[in-house]
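Two complexes, one shared chain (chain A), two partners (chain B, chain C).
Coming up: the complex of A and B.
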């Protein structure tokens, strides 16, 4: 563990360096995909906190993502384009919603938790669909400008915007990493492993789950903020369960409980989907086959399986 | 050591994933008049509106075949993309078409959500965009742009004259309005109601069921007494609705008026005899007898084994607008002002009748056809009973 803590930052730093240099080599289209990978990677990491570390499979994670995005879009519609205000509200409103919904959904666990989160997620989706005066209904809200940071660089330039996302992405990684490896984070993992044992040890397990739910909601909101800035529009589709399902897939493919695995998962899904669907309209079946293969041969996800392989190798020594 | 090697593996894996797409789209754009002109076609090939996407594509390809994929002395290359009926995906695909494929013209788009989602990007990147279906009014009003053309319709464009028609010619005074609860449903209902009320008609009741409702029973039983019922439903909804309307015994009690989507040629087969007698309005009917349409129906049926519908015709017209526009510009697609001017001025006889753009909004001006669904020689057709010429999308200005 000690060695991992010292080694990970080095590799993390190298990866960050790669992410820093890549835009200089990529085509504009490649850069737009990479930006999207970072945004969805952030979104998937926040879900991993719930799925992988807390052991809660939430089916309404898109709610926080979408609410964060809608917050920015609605503010932009009111003429409020201040980036920092949008950022703060884009995170705090999902957090407030998580505070509220968390009280309700965390009363259940297992499949019931999954179902109740799905129900609440669809309620918010229906609200966005029907509340046409505020959300624009199913047409969504369009024309959201890129953020103005008051810096002498335009965020309309794809590279500048990418670096902005990258900075926040790196910060989020660091905070999540620290959070998971803090005593609090360890206790949360303890809840996943055995809730009754943690209760016996005197931990307030409900509180731990609640905290994890709120933090995950806040980071999903952050991802939503960048998503809406990137695309310039938002529609209820981003609040739908299909979006929640997609991000769950990202976590599973990348490897739940590995934090960075979901980023790899997000990258794989976004890039493969874009590549395959440009070549054949039968892309869903191709993606399906890839998912089945992943489930059959990489049960712990790409990164999870790789980690396991390494452990095995060490065992043989 | 092992740990390091292992972590290196992860790093390599991640980088290799990134490298996969770093190679995409390194082509450089040189305006060589020998290069083919690239046209991107963005329509759904998966999801509930797949059939509309396929019909549009068939129409486009039918016309391009007619002209041998050539316009203004240059080859045309059609690049098809699946919008998946999702704004985010549509935008991503548009980015690929523009940045990676370097398309000269974008066409297609069935869903207004996708159209809104890509609107700003298309305008910012100065790509002429020919909308083949998406009907959201604002696309050619507040959100209009010199880069955006629409060959299909603006929601309400043929519903408004229909409102006039049913009041004046059918002597309908009180109407119940029913449409699915989504943006297009409301816009179309608004168009009809405005046209109907402008003549003095009265809307007794408005009902908005959920999009994709399977059982219309609860809605059908609340219908109040009136002279007629006006509805807008499309695709699978239209089949279920028309059948249930007949099953509930309303068919003989309250005449059914509708937008043309309800009795689309592709829905008639599923609706069967319950569709007979419906009065609808549209900018097209496969039963039109002008020579252009007779040729279109004949060629289309010969090629695809089934008759065309409004979407196929819109695809055909989309392709024709593009080809005629390029020809008028002499193949110089890189001169965007010239190309836009040329497209704006395109006029020809389409299967639907005379086709031209409104020079101001760049939305289509067409004939509105009032049709009656009838059974002729054992086949259900939409017979044109009245033609309202030169319908532009300007009814909202009187409000």
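Coming up: the complex of A and C.
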């Protein structure tokens, strides 16, 4: 945190202040959007660890998000509403799944990795769809209560729940920031740049990719936990490839390999989706045009391009 | 220290190395010369494990490392300076160096200090991104990064390729310093004059075979034996 704040003291401080004050200024609808932005921002950051830093485009990231969410929902269905138990299991079950699936999917790379992750993702989606007794099938699981932390404040109040999400979001940012700036994180970037060069330096590159895959799965699970608490409902659609595709877009639009860029990407997609869909039924067309423009003119994403411009500006001074 | 016995290597269906045998004694510099496309880089890749030989033995300190993964070979004390100064362009100079360091028992500062003594320019550029370095600085970084692994032997694949003559001289002096420190070096090179000056033994490769081997003295006196394999 210290390094993060010393590197970006003004921006970091302003952002934290804004995120703290905003709920006091926003309408209930605005606050609901902002809460979603934080949840999906966390989800997108976890994917950025894989896509932007490790160079692995995974098409089953929604699996971990959905499994985290389903874990909480199933526990709630069993009458187990303890937040900390749900949180621990909501992270550790996706981690265990990533431990297992990582062994299989990381046997391939490039487009084959993308295809095999898609295949496994759809297998889990199909399982959730068919395993009606546990997952509720296509009806999903509804009525998941907001967490009870044993504090005097109720999480049913939107503001309180927002602050809870904000605390975990900030904590996740800190851990991910620390991770990517550690020697291990630099080694993961080294793998993205050249796996053979890293092998020649004595690194077990497969192990590094595996670690990254597991960590990313764990944080996606955490995002899933808060998503189901926020939404109160989970269905197999949250495990579907369309969800993985959406989070990939968030990373691309925000800027892969920038960590906070995907949060901006998540914000843009969620806010634009809600904004445009309130004016027209053909909102996906407008979104499509925006995506095309972003890919054509902002190849490094919004944050990536801004950072590039800033560097250029400094170079011209 | 390193011995290749009848090494054959393929790229897919193509048979590239046809029974290469050579050796590098401990603390010596051996140059592998030859025209482009004769199998020099393939030999290096076979040794480091990128393209394991299909037949033959590669003995490193007495262990046959044929089939070992590159990271295991590296951990046994062999380092590679790849062709084309392949540094990690999006990482800083210091981060590039730290990636080479893996002995957690010793503080990495100890190694860094040694490296900075050898290449002071890298200390000046420590916080700069790899992509912002000049060609010569990138080559120094590639060598320094390999040295961070504390190798017993270093494989250098055309370290002077594309560099200005003054930089070649600087890097040449650094390689001589490394040689004097007792490091074993296998140098793949096209610059015959430099190689003959620095190496203790020279091999010439042609169409995937070693066609000549000799000391620098023999090399100078036996020009008729090797010249046709080098001249274009």
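We take it that the second predicted complex is superposed on the first by the 310 of 317 C-alpha atoms of A that agree within 3 Å, B and C clash if a C-alpha of one lies under 4 Å from a C-alpha of the other, contacts with A are read in each partner's own complex, and residues count from 1 in each chain.
FYI, a contact is a pair of C-beta atoms (placed from the backbone, for glycine too) under 8 Å apart; a residue touches a chain by one contact, two chains touch by 3 or more.
Being a predicted model, the structure only gives us computed values, none of them experimental.
**Q** After superposition on the shared chain, which partner residues are touched by A:190: those of chain B (first), chain C (second), both, or neither?
**A** Only chain C; A:190 stays clear of chain B.
**Q** Mind telling me which of the two, chain B or chain C, contacts the most residues of chain A?
**A** B
**Q** Determine, under the contact definition given at the top, whether A:306 touches first (chain B), second (chain C), both, or neither.
**A** In the superposition, A:306 touches chain B alone.
**Q** After the superposition on A, what does A:79 contact: first (chain B), second (chain C), both or neither?
**A** neither
**Q** Just to be sure I read the superposition right, which of the two partners does A:235 touch: chain B = first, chain C = second, or both, or neither?
**A** Once the two structures are laid over each other on A, A:235 reaches chain B alone.
**Q** Once chain A of both complexes is superposed, is A:284 in touch with chain B (first), chain C (second), both, or neither?
**A** So A:284 only meets chain B here.
**Q** For A:27, select first, second, both or neither according to whether it touches chain B, chain C, the two together, or no partner.
**A** Only chain B; A:27 stays clear of chain C.
**Q** Across the complex, what residues on chain A touch chain B?
**A** Within the complex, chain A touches chain B at residues 3-4, 7-8, 11, 14-15, 18, 22, 25-30, 32-34, 36, 129-130, 132, 137-140, 142-143, 231-233, 235, 237-238, 264, 267-268, 271, 274-275, 277-278, 281, 283-284, 302-303, 306-307, 309-310, 313-314, 317.
**Q** Which part of chain B faces chain A closely enough to touch in the complex?
**A** Residues of chain B touching chain A: 2-4, 6-11, 13-15, 17-18, 20-22, 24-26, 45-46, 81-82, 84, 86-89, 91-93, 95-96, 99-100, 112-113, 116-117, 119-121, 136, 143, 181-183, 186.
**Q** Which part of chain A faces chain C closely enough to touch in the complex?
**A** Its residues touching chain C are 183, 186-187, 189-190, 193-194, 196-205.
**Q** Please give the residue numbers of chain C that touch chain A in the complex, ascending.
**A** Checking each residue of chain C against chain A gives 48-50, 69-71, 74-75, 79-80, 82, 86, 88-91, 95, 98-100, 102, 145-146, 149.
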